[in-house]
Amino acid sequence: VSTSLRGAFHDAHVTGDQSAVLPTDSQKNTVYAFAKEHGVGAIEDFALLLARHFVTDVPAASAARVAIDEYGWDRVSVDGRPHDHTFVRRGQEVRTAVATVEGDTAHVVSGLRDLVLLKSTGSEFAGFLVDGYTTLAPTSDRVMATALTARWRYATSDRPPHTPERDASPANTAAADASAADTSRAAWDEAHAEIRAVLVSRFATLHSRALQQTLWEMGSAALEARRDVAEIRLSAPNRHHFVVDLTPFGLDNPGEVFHAADRPYG
Amino acid sequence: VSTSLRGAFHDAHVTGDQSAVLPTDSQKNTVYAFAKEHGVGAIEDFALLLARHFVTDVPAASAARVAIDEYGWDRVSVDGRPHDHTFVRRGQEVRTAVATVEGDTAHVVSGLRDLVLLKSTGSEFAGFLVDGYTTLAPTSDRVMATALTARWRYATSDRPPHTPERDASPANTAAADASAADTSRAAWDEAHAEIRAVLVSRFATLHSRALQQTLWEMGSAALEARRDVAEIRLSAPNRHHFVVDLTPFGLDNPGEVFHAADRPYG
Amino acid sequence: VSTSLRGAFHDAHVTGDQSAVLPTDSQKNTVYAFAKEHGVGAIEDFALLLARHFVTDVPAASAARVAIDEYGWDRVSVDGRPHDHTFVRRGQEVRTAVATVEGDTAHVVSGLRDLVLLKSTGSEFAGFLVDGYTTLAPTSDRVMATALTARWRYATSDRPPHTPERDASPANTAAADASAADTSRAAWDEAHAEIRAVLVSRFATLHSRALQQTLWEMGSAALEARRDVAEIRLSAPNRHHFVVDLTPFGLDNPGEVFHAADRPYG
Amino acid sequence: VSTSLRGAFHDAHVTGDQSAVLPTDSQKNTVYAFAKEHGVGAIEDFALLLARHFVTDVPAASAARVAIDEYGWDRVSVDGRPHDHTFVRRGQEVRTAVATVEGDTAHVVSGLRDLVLLKSTGSEFAGFLVDGYTTLAPTSDRVMATALTARWRYATSDRPPHTPERDASPANTAAADASAADTSRAAWDEAHAEIRAVLVSRFATLHSRALQQTLWEMGSAALEARRDVAEIRLSAPNRHHFVVDLTPFGLDNPGEVFHAADRPYG
């Protein structure tokens, strides 16, 4: 969890007067205490809860931004049955959420990062500008790989997408609260899963003329699939796979053996 | 792939005479060329193939050690069907193999690393030595987490475990070769999967009195499950999960909210 | 060196048409070729040279941004004399420059990063806001440490600070060019050294009431020292040094033994 | 500081009985408490002190190994005068020491790591073995760079090199103790500085026929310079600097522009 506050903190910088500043140590404590008091649930809801708290709790804060990374765990199977208390880290992909609360308004940006995708064919790069320093050969068939970061902002402001407004009826007991939290989490989870699936599917099925075009199509597909997504940003550094030249050894290499560069560029 | 050679390379060090030394650049080229010429198959078989080559190819080399890391990929699903050319990195766990060839003998060490496991209960740490610098409280219920590295040596020398010796009949054609490679790979894969399952299962089901005891039991279980495993080494740095003290905020914390330290020790 | 172009690259994203796109591979080649053709000199000048080239060379590019990191090396001393061809890396501090060229205009941002500074006293943190989640004790004497990143923009646009405009006389030969490059480099170097010295000096001499105030004063001092600096940004994550509680062992610890946390926050 | 104990810890592994085990948390506390009680002084002396303590304090421990990394800081200059409380991290080079105590015997291994050295000429690599996979061209002039790790064991057991045995006279007061600690530190520091200088000097002045030969000569020079060094180990991965081929752009490149590979091998 990362927290930042914005507001009238001028004196802390200019004169060193800290009276308006809530120490980062207190912000850290708040995260732990809220995890116990309220539970975490969907990271989107927990980020909203924390951001609202800081805007309320800190008089000088006009806005708060809370970012959360969620690391996935899978339950371990023992003798074909799920074990009751043992888990394995799911992989390197991380689910992200950022809630920003400014006065009475709020918005949520969900996302993911380090989703490593690879197409072993169905990707070309040709017809590009050639200048005096160009030695790259055009290719009609290459490996395309990337570590995807995606972040999308929901138009639904601070309520989970596709969920009705909360029932204002008087029966809003603790059980109803817990149930509302579950419903909310299910809505965030379902939206996240759907957008992730659309991104991966478009990456897979599009014949790519370049990574830029692939990203454009992936983002467009997400916006079309979910009307409650207002905007989406994608970042996808090329993880180049270079065909190794095996001709010095009397061997053809028709797209079979690659050098996977470990420093992304492009 | 990492390669090392051992042998009569004295002059390269003492006089700078390189005539016995195969450059690392050539070793790298060999890996690429062999991937094309022979295919990779099981990393154990590919490591053996390369190690044998270097011992044969380099007159001064009496032994070669080849270590390979395998990064897993899963086929992507689109509309419920596996996609024909798109893949996602499986996670952070890495499968490893080391083949050592010395003259006519060979042995294989298979393994894994970065398998992150966590037990949310079923782990204690108590009854330890207390000296004048001990402040740690004993606990009968804690979270135990680690990033496991395991390496086991097969007693079967260089043939895959549980496989018959190769058929020496004259029908050993290319098709038979490919079939033999597939059979061999299946044997290595099956052994790896079984040992991994035993390690994870024992980690899950044992009530842990300490990480050392857990590792001992995991290793013992692997040795019992597979008679073709001659020895096993386990390394598992504690990834401490400290219970956060919430009493300053008037809250109990009966094993619910933890600080996951990001620097392993112990 | 990192290069980015901005301009009419719409088609590359929307239709996949690459005809306006100079491949990143060609940009990389350009950097190597320019290093040979023109020499590097000051990284500010080399960044400007590259940025101007890309804006000119790529018809669709309306702007180019070139960022360069410079790693320092010191000449090795042997028997008290500087050695003619052996060098040692200076440290972890990196000198940075970013040149942005947009049409006919240009500006340069110089800077540094990973300059690790520590004050063993002369730093307090007290009088801060206390809420229900605050447990941090105020302190009037603490260790303050950080890894400083600083970036400052020169008002002088693309000429080195404090240097006269180039002489337009006809004697502008190759020797004059080389001399101009040396003069230019000296000007950039002198400005960088002066600003670095002012930042470090202010960090040292200011009694700090908080890191924010220290940064404000450091930046202000830089702006006062050099009228050709238009703006400055500083980033300085706290590298906390926590006083270790030694009372369980019957020992005082009046600011002598610290736990240096390896994960910066705040 | 890293600590490890060896001894009769069988039960902790086999039955989970921890009664012989000093928790790593207590070992950590000990390091902090000893820093306050005894001061650190030379890392070699502090490592010996801790190792002796653990062998004495833990009944089951027959041996202890304590490794320490020392990060250097330089005092900051303000207006040409050294500042009284502000420091800057010296660089990436780390000074290391390992003390091993086994019963009554002890030995010390001092060293350094991450010392990045580069020769811009005076290095060749030629006359090597050529096999069917060799494409590397021999070179009589290349850049040689490495990040050096060196570790040397002193023959003097646990006393600082070149120092007389401690005076056993009755005047061994606290002042005498402090003075002895200073004398000891000076001896360790002087030995370290001399060996480092010899290593760097030999790296600089030797015409290198290969990195192996350079390391051999560096180690030999250290052993000759200090008779109290019993053995030395050097590790120096090649940080390749590849000459960039500029002929596609009509340019020669006689050892002027290099691609500095960021992944060491060889």
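Just so it is clear, A, B, C and D label the chains in written order, and each chain counts residues from 1 on its own.
What we mean here is this: a contact is a pair of C-beta atoms (placed from the backbone, for glycine too) under 8 Å apart; a residue touches a chain by one contact, two chains touch by 3 or more.
Only a predicted model underlies this, so the values are computations on that prediction, with no experimental measurement involved.
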Between the pairs B-C and A-C, the one where more C-beta pairs touch: A-C
Most distant chain from subunit C by Cα centroid: B
Centre-to-centre distance between subunit B and subunit A (centres being mean Cα positions), rounded to whole Å: 31
Cα-centroid distance, subunit A relative to subunit C, in whole angstrom: 29
Chain centre separation (subunit B, subunit C; CA means) in Å: 42
Residues within subunit A bordering two or more other chains: 29, 33, 133, 135, 248-249
Complex contact set, residues of subunit D against subunit A: 132-133, 135, 248-249, 262-263
For the subunit D and subunit C complex, residues of the former touching the latter: 29, 32-33, 35-37, 73, 76, 78-79, 83, 85-92, 115-122, 200-201, 203-205, 244, 246, 248-249, 251-253, 256-257, 259
Residue numbers on subunit A that touch subunit C, as the complex places them: 9, 12-30, 33, 57-60, 125-131, 133-136, 208-210, 212-213, 215-216, 238, 265-266
